[in-house]
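Two complexes, one shared chain (subunit A), two partners (subunit B, subunit C).
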Partner chain A sequence: MDEEYDAIVLGTGLKECILSGMLSVSGKKVLHVDRNKYYGGESASITPLEELFTRYGAPAPDQSYGRGRDWNVDLIPKFLMANGSLVKLLIHTGVTKYLEFKCVEGSYVYKQGKISKVPVDQKEALASDLMGMFEKRRFRNFLVYVQDLQEDDPKTWKDLDPNVCTMQQVYDKFGLDKNTQDFTGHALALYRDDDYLNQNALQTIRRIKLYSDSLARYGKSPYLYPMYGLGELPQGFARLSAIYGGTYMLDKPIDEIVYENGKAVGVRSGSEIAKCKQVYCDPSYVPEKVKKTGQVIRCICLLDHTIPNTRDALSTQIIIPQKQVNRKSDIYVSLVSYTHQVAAKGWFVGMVSTTVETENPEAEIKPGLELLGPIRQKFVTVSDYYEPIDEGKESQVFISKSYDATTHFETTCLDVLDIFRRGTGTDFDFSAVKQNLGDEDQ
Partner chain B sequence: MASIKVPKQKVILCGEFGVGKSSLFRRFTNNTFVTASDRQSTLGLDHFDKEYSVAGRQLRLQLWDTGGMERVASITSSYYKFAEAAVLVFSLDNAASFHVLSQHLLDIVTYAENAKIFLCGNKSDLEGSTPQVTDADMESFCEQCHNLISATFKTSCRSGEGVHEMFEDIAQHLVEANRSRLELQSIHDTESFKVLPPDESTDPPCLC
Partner chain C sequence: MANRGGAAQRPNSQTQGKICQFKLVLLGESAVGKSSLVLRFVKGQFHEYQESTIGAAFLTQTVCLEDTTVKFEIWDTAGQERYHSLAPMYYRGAQAAIIVYDITNMDSFGRAKVWVKELQRQASPNIVIALAGNKADLANSRAVECDEAQAYADENGLLFMETSAKTAKNVNEIFLAIAKKLPKNEQVSGAGSANQGRRLVESDSSAKTAGNCCK
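So, the complex of A and B:
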């Protein structure tokens, strides 16, 4: 450890592993340390099942759960948008070669106590009970407008400059009712609350395009999920970092970051000090440099059946728009199964999560839990959401934000790219990744 | 897709730091040998494909190197995922590297349950007249593992002896294993896939 590095990365969560990979690829000498004996931190998938039960202080699982090591349970539920930033990062860095994915089978949205499938083709749309016939026509016009809109071509704007007008104005122009707005903003644009309505429309239009571009890639839904769980993602980027010269140390407690004149110059573990020019880390390594800005509740649910009313889908997402249950933020439900190698044969892992709004967070997720049918085992976590108090320019300590309640990785990637820019002063150069990483030719 | 796909088989190298895994990888990729543990030359390259033809059947071996992660940390469990074969490498001049193999074996059966496992004693050029690890030691190791080991080899990356024979033999084992499996397994549309850059020719996206 007693060497000098360009950067020391603390924690092997997804964000830190992506950063470590990008830094190594850019020619930096990187030391990557984790206090745990496993890779992934908060983004790990826990295996075997016994380990998960121990973690939550529950008595050991009985025989019915099958083999413990067939389970890989995520602590933070998320899906990848098929055309989203994480997939782009995976492709450009070659990390996609370490992983295999399945398309999530269906996306559902909650309306007046029951769930409806988000239509993926005209046949499903025709049969959908999400909106009435006239509304479907108005909605179609809106979708056509979104698809045709070119940001740099005013002719496609239909008299509404998306750079200036609000999303509410766009909805109003197409005469969309409140339910349709709800569905569009939360199930397609994937907003967590309604703040977007009074913000500039362009952002929302981009999000709807991302949704439909992602949907167009694999057809069943816009979401992908990796085999063996999300924990494979940080590991893939860690490997990228290692093959570009990054050094890994696990099970290494970190006592402090060493500063000189307010600037980080190293990291101390026991009597060893590793010198460096910069530190990148998650909030848990620097409690004095982050502020709590909220809480997220996540409930892992082990099921021995699919979710009712989802046509026995082996993987699904359900979005409960905030207004439907009189909240300020949406509730998310996700389900993956033994077909993704994350559970023993015949088993399913459901997850209900949301941003905490009250003193009694467990009561807040009740509408989500009620959709799941009988739950065999439940594990609840309420975690604090932290953000760094500064940009890190002076201290050269660059801190990631905690993982938020969103169900996909778009905010994760934005944070990573922003940290990389703050730390190195440039955007990541994707062409720095050697093209000889082996040919991918199927 | 009309073209017949050559089945690709992932083969991983396992074993202690310094036993010659990267050297085997280098022999496999460009048939060279370097004396120093020079990591620069393989920087950024961690797996390599090569086609083998066994009894008229084409097979593509994709060999993976650890990336040196085993030096101070453990290898990620994803290294093992989807492996069809694992080569347990030790150094014939280093008994300790042989005695820790049971730990590596445990990792393989845990994370790459279905992989065929091979045993490889490397650095045979350093074996000398009083070998640190004897053939009898290797045999009794195989017996202790209840025949989990499909075959054993001795190689020298320095002279190149035995290296290509080993990979050819592994290819042969995999073709045989494949044949019986492909006959058993019907093709499901729920197969997982790799994400690839978008096809330029795809239709413009639409919500339908």
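So, the complex of A and C:
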């Protein structure tokens, strides 16, 4: 450890592993350390099942749960948008070679106590039970408008400049009612609250396009999920970093970041000091440099059945838009199963999560839990959401934000790309990854 | 690519044999010659001063048996074994492993035994494991007796050979022996990675035609 590095990365959560990979690929000498024995930090998938039960102080699982080793339970539920930023990062860096994915089978939205399939194209919109007949036509016209809109071609704007007008104005132009606005904004554009209504329409239109482009890629839903759980993602990027020379140390306690004149110059573990020019880390390594800005509640539910009314889908996402349950932020429900090698045969892992709004967060997720049917085992975590107090330019300590309640990795990637830019002064150069690295064509 | 682990008919093959693809992982202490063995096997090269592993994601090489072509997808540790930080992903779905030690270094043999235990604990139960006593060209400074290693291998059901990446001794042979021992039956060979996931690729069309997806 007593060496000099360009960058030391602390924590092996997904964000840190992507950063480590990008830094190594860019030619930096990287030391990547985690205090835990396993990869993934907050974004790990816990295995075996006994480990998960121990973590939450529950008595050991009985025989009915099958082999503990067959379980890989995510601590943070998310899906990948098939055409989203993380998939692009995976493909451009070649990390996708180490991973296999499955398409999530169903995408549902909650309305008045029931769930309905999210309509995404004209055909589905016409068949949907979410809207009345006339509303369906209006929604269809809206979808056609979004699909046809070219940002650089005013002829496709239909007299509404998306750079100037608000999303509310766009909804009003097509005469969409509040219900339709609700599932469009929350289940297609994937906003967590309604602030977007009064913001520039272009952002929302881009998000709806991302949803439908993602859907177009693999069919059943816009979401992908990796075999063996989300914990595979940080491992894949860590491997990328290692291949480009990054050094890995797990199970290494970190005592402090060493500063000189307010600037990070190294990291101390016991009597060893590794020197460096920069530190990249998650909030847990620098409690004095982050502020709490909210809380997220996540509930892991082990089930021995699929979610009712989802046509026995082996993987599902359900979005409960905030207004449906008188909240400010949406509740998210997800399901993955033994077919993703994250549970023993016949078992399912459901997750209910949301941004905390009250003193009693467990009561807040009740509408989500009720959709799941009988729950065999439940583990609740309320985690603080931290953001760095500064950009890290002076201290050269670049800190990631905690994982938010969103159901996908778009904000995760934005944070990573932003940290990389702050740390290196440039955008990541994808061409720095050698093409066909180690492939048979070489 | 998407059909990892499965056996597939090759449409334009003259031999009409089937191609089976297998994931093979290398394990062993640093500097025992893991990368050198692969480099010799895949490219026929040897570098006396091979740098610590940088820049080899995985390599592929095929071995032809009588009626089957075995394609190895070979995973190198990328140095992550150095501080005991190899990710579980590394073992996942591996159908074969070569555990390498250096015959001039007793510690590396002890470490190899630990890797065997680790694989028996973490990897799929049907994995084919080979033990390679590398640097056989340095027999003058031998620290690990061939008989001892052979006895250990027999006890644990491992293939065993002394190899030399430098002289190429037994390098092709050990891969060939593994290829012969691997189950070629689709059901059996798929057991290690019976996951039917898909790999993501850039273009839409090839992703759709790759099949084997979204079941």
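Rule of thumb we're sticking to: the second predicted complex is superposed on the first by the 430 of 442 C-alpha atoms of A that agree within 3 Å, B and C clash if a C-alpha of one lies under 4 Å from a C-alpha of the other, contacts with A are read in each partner's own complex, and residues count from 1 in each chain.
One rule holds in what follows: a residue touches a chain if its C-beta (ideal position, glycine included) is under 8 Å from a C-beta of that chain, and two chains touch if they have at least 3 such contacts.
Quantities reported herein were computed from a predicted structural model and do not represent experimental measurements.
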Subunit C versus subunit B on the shared subunit A, clash or fit after superposition: clash
Partner chain in contact with A:E16 - subunit B first, subunit C second, else both or neither: neither
Partner chain in contact with A:A242 - subunit B first, subunit C second, else both or neither: both
Which of subunit B and subunit C A:G219 touches, first, second, both or neither: second
First, second, both or neither for A:E364, with subunit B first and subunit C second: neither
Partner chain(s) touched by A:E410 [first = subunit B, second = subunit C, both, neither]: neither
Subunit B versus subunit C as contact partner of A:D182, first or second or both or neither: neither
Partner chain in contact with A:K102 - subunit B first, subunit C second, else both or neither: both
First (subunit B), second (subunit C), both or neither touched by A:I91: both
First, second, both or neither for A:Q122, with subunit B first and subunit C second: first
Subunit B and subunit C contact sites that coincide on subunit A, given as residue numbers: 39, 87, 90-91, 96-102, 216-217, 224, 227-228, 232, 235-236, 238-239, 242-245, 247-250, 339, 434, 437-440
Complex contacts: residues of subunit C adjacent to subunit A: 4, 53-61, 78-80, 82-85, 87-90, 92, 195-202, 204, 207-208, 213-215
Partner subunit C, residues of subunit A touching it in the complex: 38-39, 47, 87, 90-91, 94, 96-103, 105, 216-220, 224, 226-228, 232, 235-236, 238-239, 242-245, 247-252, 339, 341, 434, 437-440
Subunit B-touching residues of subunit A, taken from the complex the two chains share: 37, 39, 69, 82-83, 87, 90-91, 96-102, 119-122, 125, 143, 147, 209, 211-213, 215-217, 224, 227-228, 232, 235-236, 238-239, 242-245, 247-250, 314, 339, 433-434, 436-440, 442
Complex contact set, residues of subunit B against subunit A: 5, 39, 42-49, 62, 67-69, 71-74, 76-79, 81-82, 110, 190, 192-198, 202-208
